[in-house]
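Heads up, the next two complexes both have chain A, just with different partners, chain B and then chain C.
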Partner chain A sequence: MSAQFVQFLLTGLTVGAIYALVALGFSIIYNASQVINFAQGEFVMIGGMATVWFAAAGVPYAAAIPLAVAAAAAVGLALEKFAVEPARGASVVTLIIITIGASIFLRGLATLIWDKQLHVLKPFSGDTPIVLGGATLLPQSLWVLGVSLAIVLALAWFFGRTLLGKAMLATSNNRLAAQLAGIRVRHVLALAFALSAALGAIAGILIAPIAFTSYDVGVMLGLKGFAAAILGGMGSGAGAVVGGIVLGIAETMSAGYISSAYKDAIALLAMLAVLFFLPSGLLGRRGTERV
Partner chain B sequence: MMSSMHGLHRLALRLGAAATLAICAGLSAAQEPIRIGAFLSITGPASFLGDPENKTLELYIEKLNAAGGVLGRKLQLIAYDDAGDAEKARTFARRLIEQDRVDVIVGGTTTGTTMAVVPLVESAQVPLLSLAGAVVIIEPVKKWVFKTPHTDRMACEKIFADMRARKLSRVALISGSGGFDKSMRGECLGVAKKAGIQVLADENYGDRDTDMTAQLTKIRNTPGVQAVLNPGFGQGPAIVTRNFRQLGLKMPLYQSHGVASKEFIRLSGEAAEGVRLPAAALLVAESLPASDKQRPVVVGYKREYESRFKSEVSTFGGHAYDGLMLAVEAMKAAGSSERAKVRDALENVRGYVGTAGVVNMSAKDHMGLDLSAFRMLEVRKGDWTLVP
Partner chain C sequence: MLEVEGLACRYGRIPALKGIDLRVAQGELVSLVGANGAGKTTLLRALSGVLPTWAGQVRFEGADITALAPERRVRLGIVQVPEGRQVFGPLTVEDNLRLGGYLRRRAEAGRALERVYAMFPVLRGKRSEPAGTLSGGQQQMLAIGRGLMAAPRLLLLDEPSMGLAPRLVEEIFACVRSLKAEATTIFLVDQNARAALAIADRAYVLETGRVVLEGSGHDLLSNDQVREAYLGL
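Up next, the complex of A and B:
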């Protein structure tokens, strides 16, 4: 392995980890409601911008970050309560359009509450690059990778080992049966929105010291996260993670080895190829449309 | 009692209104104001350009009027917000020409909105002072169209001249996918050969990409590269600068005038140390030597703007200042606000000192700036310093 390859791999992993966090948010809401929440990118923005805002007000990072995540979760809850729930019973397409509207609204609101400028967070542990096999890595990338891994493990535990998590899974499998078994389906939906919002916010905070944050940072990250979720298989947690990492690495490798002008096109082509052979994504549920 | 009070009150109001009307009519018959039209991208994606431009026009029209106006007449600003939309720009320009009957037009903010309006002002024969960057606006020369900012081609020439002075001639380009990036990249590739510069690598990144280490690693592994140029705009250049230091690249890094603002230094942090870029004198107003011709103009504008709006001055607002002042200059020289006379006077402006530089217009050059308008700056200790 040449130093160049290691460099591309590390970069791809860092970028991919962020895509994976956003993709996880998509999957959780999709599971709970069959809705693709296009305001997912805005949660990323709220995380970053709110942290910048709290930090500027003199709140230390240790408090500013949880506050920002909580703020995003509250916005997620509000989105569910005031936009998605009143339209309950509407078709999935209608709900998706509602989330697109919500994303535009949230972006506009952010320009009013905050501003249109770019902001940067201080890296959590310094700026000195770490040399690794001839490649360099920022300490912040380790934070991104470490926190993403921790979140994936925590989610796996939550969905596999806790009653609440299992209730959410049950709801996604069969809503009616879950309801009959005594699960409060509506609470599950609210929880899904809060959880995805928190995940998105964490992604936004982790990436802010590397790639800055601004009112429209969520547009691109939301799209890439969506692509990652589709690639991995919409609704699959492991798929979201794999999809994010694969997309991130595909992008950097094609920028590095083939052509940086076409890297997005190449990543997109790879995605199309995968979907051609595996229509439900890398790790999506095989099979059958429920009727 | 109450009702009679009301009646009296109403009567008084009516009388007052009638009197005001009469006075206005009398005044306007004697002294029609000079109408300055503007279509600017005050909101929308280019608002960071259009907003300071609009504020500058308002501020200086107010000041000119307080000082007695121009040619003994008041100035009236009629400004529309095209939100960066070329279609809207065309509609507003038509309204300015046909309904508002303006004497000159200042705008548009972007190359797109300007070019959409060019055919209109050419056929209606109204002088247009564009605030946008691209060379196409004035090349080929259009009879009624002028512009105030430098072009990106000049920025390339300035950067390449500085490289040659440092004995650097083999260069790698890295640029984004936005309009500014693409245009300047094209201009730089176009003038490289003439400037004695060899472009060895030409990398790209997306406008909202979060990491450019892959492209920079490729540049690092390209043998012979002596300097890197990043013609870019927005957040990309700051990320490039940080990734550049992260990878430990030691060659000089050049940025463009597209990021000539304090924001770039703030976003890049320590990584910005040693970065060079060309910029208008306005950016280093207070550190210009006292002998500099532009110093009084840029320091004056900077203080005026910053004390009024409590926000940092930008070169974009400076372009609007130049546009308005050139129009005023031309009207004074022509002794009239008549469109054709103002156009001729604009073409004959010589030695006007503005925020962008010293303007010498001619029939062949409707911008009138040369390379001396750009200053080469280097980031040192988190601030801009002039490269002698």
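Up next, the complex of A and C:
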């Protein structure tokens, strides 16, 4: 393997891990409520921007990051309570439009509270590159990969091993039966939004030292996460991870070997290809209805 | 134990229940029969609180529960095994059962799980299989087992024998009898009116959202109207 290839692979993995986190957020909300939450990218923005803001105010990372994640989770809860829940029973299209409206609102709010500048977050562990087989890796990339891996494992444990996680799966599978089992489906929905928001925020914080952050960073990252979720199969956790990684690597490779002009088109192409040839995605359940 | 007074429910603006009065005493097995679309499932959903009440009152052990949330009713012991089984298809048999005991303490749920497996040994053998892969009869056992996991004091059974082969229907009814013998209070809806009436202490006949007849199971079995309309005699 050439050093260049390894370099692209490492960069792709890093970007892909971020996409995967955003895609997981899409899938968790979709599973719990059948809603495709197009405000997912704004959680990414809130995570990055809030951390920058807290850090600028002198709050150390160890406190700024949990605060920013909590702020995003609170926004997620509010989104569920004030935008999605009142429209319960509305058509899927209506719900999608509501989330798009919410994302525009949140971006506007961000320009009021913060500004329209680009911000950069100081890397967590310096910026001395690590040399790996001729390729270089930023310490922040290790943070991205390590934290993403830990989150994926934690989610697998939560949904696979805990009763609350299974109650979430049960609610998405059969709301009526879940209610009859004594599961509070409202709480499950709220939890799904808070969890997704937290995941998005973590993605936004992890990537901010590498890729800058600003009030509108969520637009593109939200779109990429959405494409990754579709690619892997909307609603599938493993699919979100695979979709994110595949998309990240495909983007970086095409930017490296072909031209970076087409980088953002890859997501679109991948999404279209999946919708045409493999409607339930790489790892999605076959035969479920799609939006 | 359960008292229903003037209960009315609507789907949108269409009335489905038009003033139901009935009661179920502690330890009783009460059956509800009625044609398709009479409102039996609607009544059970209202009793479980998953469908809002339009008018009337539901009391459980003297307390007004008309506006109580579904999970609060489950906690009181009002547990429903819904029509069409409604198992969580992608989840394993054991996860389905554990979710039935969602509101109970872990140790209690563990003991309840053993009792359900003792009652339906076939479920133990399939504990790690996705519930969706079970046969219809096994899914019904799972649905009942999931209900039992919640420690029902009043068990609402909606069409437990629907779509099952005669031998399995007999098995399900045997299970209902043994639950009754264990002093579980049961409110049973079944399209197999003969069996549902034969097993019942008392029964109600529902027609287009109204109770039109009530009596002991034995009396209704020999009632001419019932024989003609529901027993095909």
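Note that the second predicted complex is superposed on the first by the 272 of 291 C-alpha atoms of A that agree within 3 Å, B and C clash if a C-alpha of one lies under 4 Å from a C-alpha of the other, contacts with A are read in each partner's own complex, and residues count from 1 in each chain.
Going forward, contacts are C-beta pairs under 8 Å (C-beta built on N, C-alpha and C of every residue); 3 or more make two chains touch, one makes a residue touch a chain.
As the structure is a computational prediction, the values presented were derived from the model and not from experiment.
State whether A:Ala170 touches chain B only (first), chain C only (second), both chains, or neither.
Once the two structures are laid over each other on A, A:Ala170 reaches chain C alone.
Is A:Met271 touching the first partner chain B, the second partner chain C, both, or neither of them?
Neither chain B nor chain C is touched by A:Met271.
Which partner does A:Leu9 contact after superposing on A: first (chain B), second (chain C), both, neither?
neither
Does chain A have more residues touched by chain B or by chain C?
Here the partner covering more residues of chain A is B.
With both complexes superposed on chain A, which partner does A:Ile183 reach: first (chain B), second (chain C), both or neither?
second
Using the touch definition from the top, say if A:Leu195 reaches chain B (first), chain C (second), both or neither.
Touch status of A:Leu195: no partner.
Quick check: in the complex, which residue numbers of chain A touch chain B?
Against chain B, chain A makes touches at 4, 7-8, 11-12, 14-15, 18, 116-118, 120, 127, 129, 136, 138, 207, 210-212, 214, 217, 219-221, 252-253, 255-256, 259-261, 263-264.
Touching residues of chain A toward chain C in the complex: what are they?
My answer: residues 163, 166-167, 169-170, 173-174, 176-184, 285.
Which of the residues in chain C end up touching chain A in this complex?
By the definition above, chain C touches chain A via 48, 50, 69-71, 74-75, 79-80, 82, 86-91, 95-96, 98-100, 102-103, 146, 150.
In the complex of these two chains, what residues of chain B are touching chain A?
These residues of chain B touch chain A: 47-48, 203-211, 213-215, 217-218, 221, 234-235, 238-239, 242, 245-248, 263, 266-267, 269-271.
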